[in-house]
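Take this structure, written in structure tokens, and hold onto it; I'll ask about it next.
Each chain carries a letter (A, B, C and D) given by its place in the written order, and its residues are counted from 1.
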Amino acid sequence: MNHHVLPVRTYVLIWLLLLIATGTTLGVAYIDLGPWNIVVALAIAFTKMSLVVLFFMHVKGQSSLTKLFVVAGFFFMAILILITMTDYGTRSWLPQGRMW
Amino acid sequence: MSTETTERTPINYLNATTGWKSWLFTTDHKRIAVLYLISITVFFILGGIFASLMRLELTTPQGDMFSSDTYNKLFTMHGVVMIFFFLIPSIPATLGNFLIPMMVGARDLAFPKINLLSWYIYIIGGLFALGAILAGGVDTGWTFYTPYSTTYSNAYVMPAVVGVFIAGFSSILTGLNFIVTVHKMRAPGMTWGRLPLFVWGMYATSLIQVLGTPVIAITLALVGLERVFHVGIFDPAIGGDPILFQHMFWFYSHPAVYIMILPGMGVISEVVGCFSRKRPFGYSFIAGSSLGIAILGFLVWGHHMFVTGESMYASMVFSFLSFAVAVPSAIKVFNWTATMYKGSVAFNTPMLYAFGFIGLFTIGGLTGLMLATLAVDVHVTRTYFVVAHFHYVMVGGMVMAYLGGLHFWWPKITGRMYPEVWARIAAAITFIGFNLTFGPQFILGYMGMVRRYHAYAPEFQPLNVLSSAGASILAVGYAIPFVYFLWSLTKGEKAPANPWGAKGLEWETASPPPTFNFDHTPVVNEPAYAYAKDEEVEVV
Amino acid sequence: MSDQAVPIEHHSPFLQHHFDDLNQQMDSSTLGMWVFLLTEIMFFGGMFGAYTIYRSLYPEAFASTSRHMIPWLGGINTAVLICSSLTMALAVRSAQIGKRNLIRIFLILTMIFGIAFLGVKFTEYYLHWQDHLVPWAGFQYPEAPQYFRQAQILFCFYFFMTGFHAVHMFVGLGLLTWLLVKNERINFGPIYYNPVEITGLYWHFVDIVWIFLFPLLYLIGAHS
Amino acid sequence: MPEYHLLPAAASVSAIQYDYLWWYEVAVAVIMTALIFAAVFYFALRYRRRSETEIPKQIEGSRLLEITWSVVPFLVMLTFFFWGAALYFRSQNPPPDAMNVYVVGKQWMWKVQYPNGVREINELHVPVGRAVKLTIASEDVIHSFFVPAFRLKRDAIPGRYNTMWFTATKPGRYHFFCAEYCGTEHSGMIGWVTVMEPKDFQNWLVSGGAEGSMASQGQKLFQQYGCSTCHLFDEQGRCPNLKGMYGSRVLLSDGRTVVADEAYIRESILDPNAKIVAGFSRDIMPTFQGVLNEEQVLELTEYIKSLAETHNGIFSDVQTGPTAGGGRGGSIANAGQGSLDTRGTSMTNEPPRPEANAQGQDATQPPAALPTSAAPGGKK
């Protein structure tokens, strides 16, 4: 059980970091980085999410069970997206002769 | 219920309070289980009527009994009702609701009000589905494939989609409740290694419900929005991909097959152990394989799409993974069989259903391997071979287990025994009728008879007649228990707390149990299925 | 976990009958909310997955829609939601230390931020409607006619995803109202604050969804 | 009345190959089922309860056994996998000299068209001993072309092409079905494959009453829609020269290379900006989405293919490149034949051939109403 109360300072610090990250997302979007635009945008989004999950949602300091469920959510979402992508990603591959 | 004997009957969950309000506003998991039992029986009968009408039509090759439109609505509503309103809630919502708190030694589920809410959600979803049926029916097939469902169908697709969408949340909330209960509500000493195998099966089921159902919810929501707005993300007219719908649909609907079968496997593990008077062979492997099925089951959905034009490389991956998911299922079958080895096997009705389950599930599973084989699937998919395959798993497996479990725990639920002789007869009739109904359909499928056909080529008639004849026997097999279960409510012999000599916390409390299950919080200090003392356990 | 027998606490008015103690009750409700959020991840995950696939199929059509988005409005809305997350977190903290007045203030602040977010959101919807960018209401795309069809897919995603997000915001506002009322009747404090805690979890989750929606919908082709 | 066989005829090379695999799997399944049934019966009878109080000796389990009965079945299943995958791979990979036939599904009929322009409805004629490649498309919902005697089926998906190929081995008439539920008359969407001796087939094809080959129909469309003003053949026009393009590798403006197969041609007609050839600019060609129906696109495709040919003749569509389009549908990026827009467009001007009407679906659809507004901007 955690009745651990985080100091207000921590919350405000996280809040500031989140605001800075939002500004960064917006700023970077206007710089042409080619395919890296989306990578950077998502990396920042993941960072922001981690901050919210760990501090605002108190997962830092929670039991490993809670952490397991958080990770499981993203794991199965990744399965949904990535395995579907294997279909779309390989539809245009040409068969090259005989396989066996 | 048995109120006339209140003086002599101790207070239990059935007679503790009376009046319809005490049922409709109850938060007692056992009463909610009974509410579910009644409502899913209604849907089972409804779905059964649709099936009978279809089998009647199929006795002749010409479509002479119903118009093709009516026939299409019949098979759609049979599928929708049976899958979303009978099979998905069947064991979880009735036996699971009733037993899980007792098996883990808790007074109730973690969220009793949410449990009641989930029943109401289920009923609201069911009413939408009934509304769709009464308004004139749906003709999309239970799979709601786009663009037929979004653009072309003139039937009442919206109420059906809304009904399934709503019922999904009932399934989610039930799963959520079970997961939290198993994690947080176990009695002192009830470690994970001591949980009954039914609880393991239900826990794995709940994981699938929680992870998969939201995806079908959003998918059907997108279909509904596309139907309302006439434009949406699956619409080929603007570059949308109907195959993406199938990906998202089967991401839930393949694991949903395991929602249907895993609880059945849990029941069989209990029944086989009890009537062999032995700890199930390879407890940890049966438990682990439930989790294995739950996780691997999420990786194989593409095997429904081998002929759609899915990338052949993706198809190969899905085919391979489908074989992988067969391994944990095979482990279970072997372990149940091995449990009987050197056991003390009694032939009570639940055990007869368990025999039926093992045999029919084996056949259903092995034909599933044929469907997972790429080249063979190309020929037999979308034919009666598939119909036969999943009825062997769903009806031969799941419904057999459901009936077996209902017989097994009927004394606990109602405090009355069912008539053993009639029950054995019914089990035998069900087994024979089932095989006659669906066995011929394997051959029909390989011959090339396509499913969802209202009229068919005349060379398929003899086997169809056989199948319809089997269906009428099967209907008798289902009607007999319905009658004697009702009869037993008042006329059945009073049940003792543990009529089978079974192990498990639910057998240590009275039949029927008191409202809070146990008079004292139980403390567990022996392993699961301790039919003999620890030192007598042989490790091979 | 209940590894040893725990005597039933009859003294706490917050304890529901079927739990052994408040710890178990709190653990259960928190875990329950996390499992619920798991389903929410998969719910939005379905849409994010479909979005990913179409974006990989039609990158240019998707990028061409950027000129119709208003990134600074989206950015402001992101900031508004982050502020609401801060006040929500502080409301939970106030509940942990049992300060009724602070709880009230922070809950009201959270609701104000939430309503502001929805106000901005619906203003944007109105602007898009004026620009004929609603696929089912006379969609027009004269600047890039070659993307007329596929751009509609993006706008479908835009309205469906932000729409479902807005529905979640409304549910969150309802929960906050309920808490506000409860706060007047019940003393939240170190012993019992889980309603505030789990509502907070929900609110933060809705915030996280927006954190992803913002770059994915507003900034696809901003650089070009 | 038909004879009653428990097995469908096997009338193609692949059908025979599939049957071997099928019987292997049936044998394994029967053996496994028999073993389980025997074990259950034997244990149940041998260890039946003899007294109500007996408590058998408890057995915990056996790791060795568990591993054995996990690994051994999995190895058997691997043989299923590899055998099935090898056959499947081959079925996705048509030989380069396969004869092309186009199949379009619509509610509720199958329209078949040969490169020389012969058309039929719910009938398909093919010669014995020659690889035939079907290109399958749909005008409305998802259908599925299923020939039990060939052990093959493939979906017709709106917005893309799928292909399927076979070599028929036995002359005769075999049923084909629609295997994906497609609406009210789904069960009526059936027809016959007639497998003929090559000589008979040639005669049939020539006497087919074609109004000009698909390629010549396509050529007319090419003129009619003004394609020829930009796609010049002898000099460089504003658009790429299409002569010899089919089957070749094309360098795109974004640096990628694609093979110019049917799917690519289709995509370029319906969605011209999707893949721009290097050296050309975008937004010159208008989209023909909603302007051309599925069959007209096929005719144009056939015409463009004919420009790459080295010799003339009915079956001259020899592919010069790698096996183009083999086994995959067009990428979804070319999705787009508007199911909404083209509903009702059909071969209404084509009277069904007498023998083609056997299965009853006559072509009484409303006349084609081609929306022209869906091609905004651009010039032809």
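As a working rule, a contact is a pair of C-beta atoms (placed from the backbone, for glycine too) under 8 Å apart; a residue touches a chain by one contact, two chains touch by 3 or more.
Given the structure is predicted, the values throughout are model-derived calculations rather than measurements.
Between the chains B-D lie more C-beta contact pairs than between any other two chains. Taking the mean of each chain's C-alpha atoms, the chain whose centre lies closest to the overall C-alpha mean is B.
Chain centres here are Cα means. That of chain A falls 40 Å from that of chain D.
For this pair, chain A with chain C, the centres built from the Cα atoms lie 16 Å apart.
For the pair chain A and chain B, the distance between mean C-alpha positions equals 36 Å.
The residues of chain C that reach two or more other chains are 27, 31, 35, 38, 42, 45-46, 49, 53, 57-58, 149, listed in rising order.
In chain B, the residues touching two or more other chains are 183, 211, 215, 230, 237, 239-241, 243-244, 248, 251, 309, 311-312.
Among the residues of chain D, those touching two or more other chains are numbered 85-86, 89, 92, 271, 327-329, 331-332, 336. Across the complex, chain B is touched by residues 1-8, 17-18, 21-22, 25-26, 28-29, 32-33, 36-37, 39-40, 43-44, 47-50, 54-62, 64-66, 69-70, 73-74, 77-78, 80-81, 83-89, 91-92, 107, 140-142, 144, 146, 148-149, 151-155, 157-160, 162, 175, 177-188, 190, 271, 327-329, 332, 335-341 of chain D. The residues of chain B lying in touch with chain D in their complex are 63, 68-69, 72, 139-141, 145, 147-148, 151-153, 230, 235-237, 239-243, 276-279, 281-285, 306-309, 311-312, 315-316, 319-320, 323-324, 326-327, 330-331, 333-335, 337-338, 340-347, 355, 358-359, 362-363, 366-367, 369-370, 372-379, 381-383, 443, 446-448, 450, 452-459, 462, 531-532, 536-540. Note for the complex: chain A touches chain B at residues 65, 72, 76, 79-80, 83-84, 86-91, 93, 95. Those residues of chain D lying in contact with chain C across their complex are 271-273, 282-283, 287, 289, 331-333, 336, 376-378.
Looking at the complex, you find that chain B touches chain A at residues 183, 211, 215, 243-244, 247-248, 251, 298-299, 302, 309-314, 317.
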